[in-house]
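Have a look at these structures, which come just after this line.
After this come two complexes, each holding chain A, first together with chain B and then together with chain C.
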Partner chain A sequence: MDKKIAVYICTGCGIGEALDIEQLSTVATKECKAAVCKNHPNLCSAEGAQIIKDDIANEGVNTLIIGACSPRVMYDVFNFEGTILDRVNLREQVVWSHAPKDEDTQMMAEDYLRMSAARMKSTLPPEPYKPEQEMSTDILVVGGGTTGMTAALEVAKAGYRAVLVEKEDELGGFQKKVSKNVTFPFKDVQANEIQKLISSVTANEKIEVFTGSKIEKLSGGPCVFNAQIKQNGSSSERHIGAVVMAAGWQPYDPEKLEKRFGYGESANVITNVQFEERAKSGKITRPADGKAVKTAAFIQCAGQRDPQHLAYCSAICCFTALKQAIQIKQQDPKSNVFVFYQEMRTPGQGEDFFRKAQQEGVIFVRSQAPEVLTRGSKIAVEAFDELLGDKILLDDVDMVVLATGMVPAAAFGEDFKAKKLDEEPDKKKDEMVASVDSIFMSDILNLEYRQGPELPELKNGFPDSHFICFPYESRRTGIYAAGPVRRPMGIANAIEDATGAAMKAIQCVELTSKGMAVHPRAGDLSYPEFFMQRCTQCKRCTEECPFGAINEDEKGNPLPQPTRCRRCSVCMGACPERIISFSNYSVGMIGDIIKSINVPEEYDEKPRMLVLCCENDAYPALDMIGLRRMTYNAWVRVIPVRCLGSLNLVWVADSLSKGIDGILLLGCRHGENYQCHFVKGSELANIRLSKVKETLDRLVLESERVRFETVAITDYDKLPALLDEYAEKLVEIGPNPYKGY
Partner chain B sequence: MSNKVDPNLIRELEEFGLKDANKCYNCGNCTAICDLATEENPFPRKLVRYIQLGQREKILKSPEPWLCYYCGDCTTRCPRGADPGETMMVLRRYLTSLYDWTGFSRKFYTSESFEMLAVGVVALLVGLGLLIFHSGPINWVHTDLNSVWPSGDIEKADLVMAAILLFFLGTNVLRCVKIVMGDYFSKVPVGMYMSEMKFMLIHLFTQKQFGKCKDRQQWIVHLAIMTGYASVFLMVVVFVNGLPLGIDWLKFQRGWESLGHRTEYSIFHPIRLIGYYSTFAIMYGTTYALIGRIKKSKPQYKNTHGTDWMFLALLQLTALTGILINFTRLMDKPFPTYAIYVIHMMVAIPMLVLEVPFAKWAHLAYRPVVLMLLRVKARYIAEHEQVKDAALEVTPAL
Partner chain C sequence: MVDVETQSILVVGGGMSGLTAAIDAAEAGHEVYLVEKNPYLGGRVAQLHQYFPKLCPPYCGLELNFRRIKNNSKIHFITMAEVETVSGQKGAWDVRIKINPRYVNEKCTGCGKCSEACTMEIDNPFNYGMDKIKAAYLPHDMAFPQRYVIDPELAKSAQGRTVKESCAYDAIELDMQAKTVDLKVGAIVWATGWSPYDANKLDTLGFGNYPNVITNVMMERLAAGNGPTKGKIVRPSDGKEPQTVGFIQCAGSRDENNLPFCSSVCCLASMKQATYVREQYPDAKIYIFFIDIRAMDRLESFYANLKQDGNVTFFKGKVAKIEEDSATKNLVLRVEDTTAGSLNRITVDLAVLATGMQPNTSLSPVPALAQRDDYGFIASLQAAPGFFAAGCSRTPVNVSEAVQDGTAAALKAIQSIVRR
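On to the complex of A and B.
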């Protein structure tokens, strides 16, 4: 592509008043070699956009540099087909956050223009990835419970085909065991309508149902998955676009509970799941002898919210206990039902159900550690009532129901990481650069992925990605978890979850079949390209890819699977040979951008600090500073990166040899409760940086010249002080000795 | 030692009128809004919790039900509709039945038919008694109650009745004192009780605790009923024959002859003025309460127990028949006067005999007594136990 550069500078929103536009235009035409350079007081207006469109049509410009507002706004206006385009953030990050008509502000704007030109110079128009295999848009749903069946129905309703695989011989999942359930509008116990759901699934011709089946192998990637489904000893293969994993849950093993819960001490101490099985068979009676239940006690949080057992709240047990208590009360209004709880968690409309139980006469006792006392056939419950401030004793209890929790189906099986370490004893542990995900070999998906056969866990065996920011996402592209396997939930949430995951799966097949990336870089047409001749089989890219997108052959050559890729470019940062690049993002390109910065000489007392910042959190935070009209040091030059995990150490070397005085990396929080959109990017950047510090020390360069900070988008208010303080620090250290070389 | 939960308590209290206590989720808004709850004696939440947890013993020993005057603020503020005000009322009924050693009170509160029967039987006995026991010759020319039922004889009957009433009420109050004071009952010297009598009487006659509640109208209504009733009680029991001494000008019931051939005292005679005050006060109080209960205009009027209706009905009927007697006397109509007098007595006596020791009227005694007991207890603790503690501190550790 023959590039014909055009630079458009908007003078609205205060840009024209704060900057010398004429001088900026000179930089565009002289230094950036722009064939066209125009300015307009309102470039985002229809008239402004028309000027650009006319130039594309009449002048044949195809490489556009728009000097206006942040690329995070007006992206729909500045979108011209058949061109490559870059936005220079003159508004938020220059004039709104720095002194107007100031020499330093002007220099900053000019540098950003130069940097944009450098970026455009090495940017190529992306060619969407097209796999050799034909792309499928069918959705595989793993698990035929409420969640799975709802997801399959939603997929079918949206016009896609679903393949539903259930391991049991019948559809229905756990709800098959349940006689009554609790869901919207949470006014009373309701009849279980699972049979209706099963019938509508089996009657739907867009849904292919496999019962008594399992996924033997799942290979490929979004739109090119191949699923081998084993049913009755025979195997069939389906071509799949995306996957909804709704594998459900298992009850926690009550045998593991402490003695104070009394499980196993008396037949009259049962779990909430065992209660369901008994209630399903008709009348609720005393388990030991079938006599009437006059007094029942429910003990909540049996082995839950307890690091010794399940560290989390299973979210359903409060509702379940309320339901079962109401069932006993409705069977015999004269019965005495007590619920011993730590906290009653019935959020939202669930409060109505709690009220319903109270109206039925269920008595609630808040107590942190109630004790079940069994003396022969007699059971009593002793508990410290927090309101009474004293111990109470409930005698002659006929039945105790323990609220044991939900364990995700994905939490069972051997940890793949441990297994791998056993298999490769020669691989030293300290060679691991970043934390390795736990993957339990739970025999659900049997993925043919280098990094393990199942979804990696986020916490406690739940295979989520980041449940607040990206619900349903897992760390395997195109596979979306839903229902209790994702986080503990009841049917009200499971149905919502199934719908959400079905939508994500549909989005995935739609984007992937157009060669586009899915969330969070949805719509990105670029993908990593490997210059294989120079590969040294070091396996860093295959190991560090947070999404398991790269398999490898026996020799260690990477086998990229582009439809699994999220375009985070962590592999690009990982590769010591720098053989991985994107059409619009590469190691060399960022190097060129750094080199395009105009670094004044030592005597000018104008230090320069490079900020490599994550485009997901830190970059918007910098925009927020401008929006709030806060100010920070004008020596800063910001380069947004897709993820700090794409940081290649050569950029640090490039910066320092250019004479830049300091480099600040702004990334996301890593480790536990990480905020990185790409899970491990900032963690990897931090590890890589620890290595560069040794190099700096060796070069007799102060290691403080490179600094890493984690910022969330909400930390914008702390950023100006951080940048100013760093600028002061650089003055204190003194100029970079390599300046001017 | 754990406090045993009695799950049957809540059902037992339902017989006393409990409805909504299980709806309570113990938020404590009721206690927070209450003007009478204190740090030492918080309510109603604590009591509601006792009920939920079947804590019989703790409820029995609780003075708090008597500290509540049922202004209804807690019920208005309750986010759960658990009606804490009514729960306190139920506990007063329950405690009255527990203090009563005869067991009569429990029957009276828990069975409406028993209540009706008891009132009916006593009324019938009174009616029969009045018809059988009267002296002749009856003055059929002028209205002269003394010619039928001489005030001296009535006085004797009154005193017998008062003695019986006092015996039951007194023994019940004594039980109340023992229960509320617990271990302190024997520890506290009698003198200390005596010295707080004034405090008790002030509260008895002013009900000034009620004045601390936000809805002061209830205090006025309550005070009207109480003072009206108390003055009538004094007149018909103590002054009916001018004190037991038979002082003529103090007699509530005086004959035609001794009044100087008149049927009634002159308009400004104190006895007559007091009579008018009490009639007005009782009529105002009971009418307000009855209309309130019919319209359910205030929280405390929403749940009306059988004994509440009975109490108001008897009281108002007593006043109404009293007014009628007054008219017939002024008009000097002997027969209607005598007839209505019988009805008047048939209403007033059951109310006294049954309600004072065993039912709603008993709270007239329990409330000020419990208020006094708390004061006595606090004083005793302040004077004795803290000194002991201080002594302990001074004593060097061994």
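On to the complex of A and C.
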């Protein structure tokens, strides 16, 4: 497109009083080559916006630079169809946070205008990605238990087709083994309605069911997935839009308790899962001899909340024990039923169910370490009762039920990374730049992804996600985990969860089929393009992509899968040859922005520090400094980036050779409690930066000239001091020796 | 022919559940109206200092959600608004919405001149009245939308004119009236959230009488950088740094006389707040008085880690009574140690009541078609055909579950408007 640039400067909200607008306009017309440059005392007013609209209609301007408030506000006013537009944040980040009528403040405003012009010069409106293949909106659901069946049914009810794949010969999953349920309204044990659910799934025309089947291979990406489904030795292929992964859980292996609680020593010690199998058959009897159960003891947290076994709480075992205890009481009100618990966990209205068990006469013993003693066929339970403050001994127990926990189906199998390292022993460990993901080869999805066949793990085998704010966002685009494979949960939760995951899958196909990105850059039409002629097959892009969006051919060339891409641009930062770019975001563009900064000569004693910051967290924090009218050093020049993971080291070289004295990266917390929306971006930026530091040290260029700081969005009270301190540090170090070259 | 109006979805409540429901439905291509009673979006989480278990600021995720709204023309949000009536049925609901006067129109640039010109002060609702704010105010630093609000008292007062004249953009309308808007929508998601249980009802615990007895939601504001003390946790009575802090769990919850249900989040909330205190005062001693610690799934590790902290004592027992030492304003907690069977008197500088979640559906009117349970929750996702409940309108949930619920409700709403 032929760009005709127009610059509009708002003089309201203090901008006009703090800056020399005439001089700023000269920069716009002379240096930025703006065909039109206007200012207005209230640009966001209807009148102000009309001036811009008129210029678009009458003057043919199509590239707009709005020098006013932060792009975070008035986004709806400054939105003109058919144009490309950039906002210069003169209000929050210049005049509200720096001294008015000051030379440094004025230079800052002028630089931001130049930087915007440089950005607009190389930005192009994105064209949506259209794959060659036809796009599918069908949803593949892996797992035919309560979660999977619910997901398939919910997808179908919304008018989409579902393909449901279950490894067992029948649908139903774990609930098929269960006699009764605990769920809303938690007043009593309830009938198990799994059969009803199975019938509605099999009767639904929009759901295709594969039982006794598995996913042999899943290749492609959202809207262009190709699933190979193996059933009875034959293979079928389905074209798929998105995936709900509901592979469920396995009971923790009670053998691993090594006879603790008497498991394996007496046939009358069983697990809560084995109890279900017995209850399902009708009468609850003593396992060893089928005699009546007069006294039963439930031992909670058997191998849970225990670093030796499962470190987490399986969330459902308290409810399960209450249900089973009530079942025994309802079968024989005269029976004695004890529940030995560490913490009773019945949240929400579930508290009613705890009360119900008490009303039924179940006896509760709070004890941290009950012991099960087996003497021949006799069992006793000994425990310190915290409520009595005394030891109790329960003799002649007919049956002990252990609450062993839930292990996600994704936690089984060999670790892909370990296997990979075994296969490539020559691969040096230090080449693994970021912390290594663990992916268990659990034989659920069998993704044909270079980065491994299943979802990366967060902890304890549960898939990785931003589990607080965005719990469905997995590390593999278009694949949403749901149910107990995502976190331990019972059916009350699993049904909601399945519905939510179905929603995300539908959302994914709706966005992807329009060429748009999904979360967190939902709606973004840009996507990475690779200039393959210059690729050196270094594999960094494929290794560093947090979402596994890039495959590889046998020669090591990247094979990008744009529908899997989240547009974080980590690959762009990773590429040493700089061959990866977006139509509106590229290494060259940020380089040009850096080069557009007017760096004063050494003797002017005006250092310049470049701040590259995360646009979601650090950038709003900088706005807040302005909103609170706090101040910071005016030598700062800020460039927001999609993610710090897009940091390409050439930007450091560009900055230093330009004479900029210091480069500060403001990114999100990484590590175990990471906040980076792209999971690994800030971690990778930090690693890349430490490599530059080594180089700088070798070149005897002070390594303090580059710095990484972790900043949260609410750290705006601390940021000014951090920026000022760094500015002082740069004065101390002295000017960049490349200045003026 | 597609009827655009009845193809749309109404989400009531702009907190975590409602926001998520609205955005998720809009990103799947549907028209959404989001109605929020506060002058800003974000709901209860906007007032939290950090989330458990990551100890990260809620605004990180909120900013992203707000960005999703800004980038999506299908979401229409209305603040300071409440649903007055709902009639009709699935696919064709008639909803009357009352919009309370903000006295500030869309011309507001957020420059803050009105606040500078204003001398009248009001109790700051964002900080639960722990400090004062100008009567022309931005609800909080990161408020979205970034638009000022004028308190009705100021609008009525003589100073109103001065404040109006300070605005260079003609954004203040002192005669603004409440107005009603009628919407026709196809589906409704009710996500009106919760309120802290009224601690004044717990008459043995001294809230309201003793200044150093505060609630858990107040503690969030004390710890927050944009709170009444700029993030420094101090005693309300004298601004002293607390050296001993007692967290009283189940203050009202799991109690037949108050909230018979468990509020689900208070255990983790108090443990999280214990880390706030520990971070600011490395020598401070903390007691957590509890019945059961409910740290489900991966949250267990947060509990396990805190138990390793020698300065944190988990005390199994219910606090029966709190008394104040009138000289020191310290608090004497009478608590039965169920393990030892003894009655203890423990003195703390600051007592934090883990007051539970009162569902707003139990406090304010809900369309009659939505059945409520014994405690006032709309206890099922689908309360009626085309009418859904999400988040704490349904059951006490933490943030992650509220999001899960919001996403699920979005799909249920979509199902009830799609034409097959």
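Annotations for the structure displayed:
Heads up, the rule we're going with is that the second predicted complex is superposed on the first by the 693 of 741 C-alpha atoms of A that agree within 3 Å, B and C clash if a C-alpha of one lies under 4 Å from a C-alpha of the other, contacts with A are read in each partner's own complex, and residues count from 1 in each chain.
FYI, contacts are C-beta pairs under 8 Å (C-beta built on N, C-alpha and C of every residue); 3 or more make two chains touch, one makes a residue touch a chain.
Predicted, not measured: the structure shown is a model, and the values here were computed from it.
Look at A:Gly500: by the touch rule set out above, it reaches chain C but stays clear of chain B. Of the two partner chains placed by superposition, chain B and chain C are both touched by A:Leu387.
In the superposition on chain A, contact of A:Met624 is made with chain C only, not with chain B. When the two structures are aligned on the shared chain, A:Asn336 is found in touch with chain B, with no touch to chain C. Touch criterion met: A:Cys469 reaches chain C, while chain B stays clear of it.
In the superposed pair of complexes, A:Val365 makes contact with chain B only, with no contact to chain C.
By the touch criterion defined above, A:Ile84 lies against neither chain B nor chain C after alignment on the C-alpha atoms of chain A. Of the two partner chains, chain C is the only one that A:Gln675 touches; chain B does not reach it.
More chain A residues lie in contact with C than with the other chain of the pair chain B and chain C.
Common to the chain B and chain C contact sets on chain A are residues 355, 366, 387-388. Residues 295, 334, 336, 338, 354-355, 358-359, 361-366, 382, 385, 387-388, 390-395 of chain A are the ones touching chain B in the complex. Within the complex formed with chain A, the residues of chain C that make contact are 24, 27-29, 51, 53-61, 63-65, 67-68, 70-72, 107, 109-111, 141-142, 146, 168-169, 224-226, 230-231, 254, 260-264, 292-301, 304, 316, 338-341, 373, 375, 377, 379-381, 395-397, 399-401, 403-405, 407-408, 410-412, 414-415, 418, 420.
Chain A makes touch with chain C in their complex at residues 12-14, 41-42, 44-45, 69, 72-76, 154, 157-159, 184-185, 305, 307, 311-315, 343-352, 355, 366, 386-389, 459-460, 462, 466-472, 487-489, 493, 496-497, 499-500, 502-504, 506-507, 510-511, 519-520, 522-523, 616-617, 620, 624, 627-628, 668-669, 673, 675, 677, 712-717.
The touching residues of chain B, when paired with chain A in their complex, are 1-5, 7-8, 10-11, 22-26, 45, 49-50, 52-53, 55, 80.
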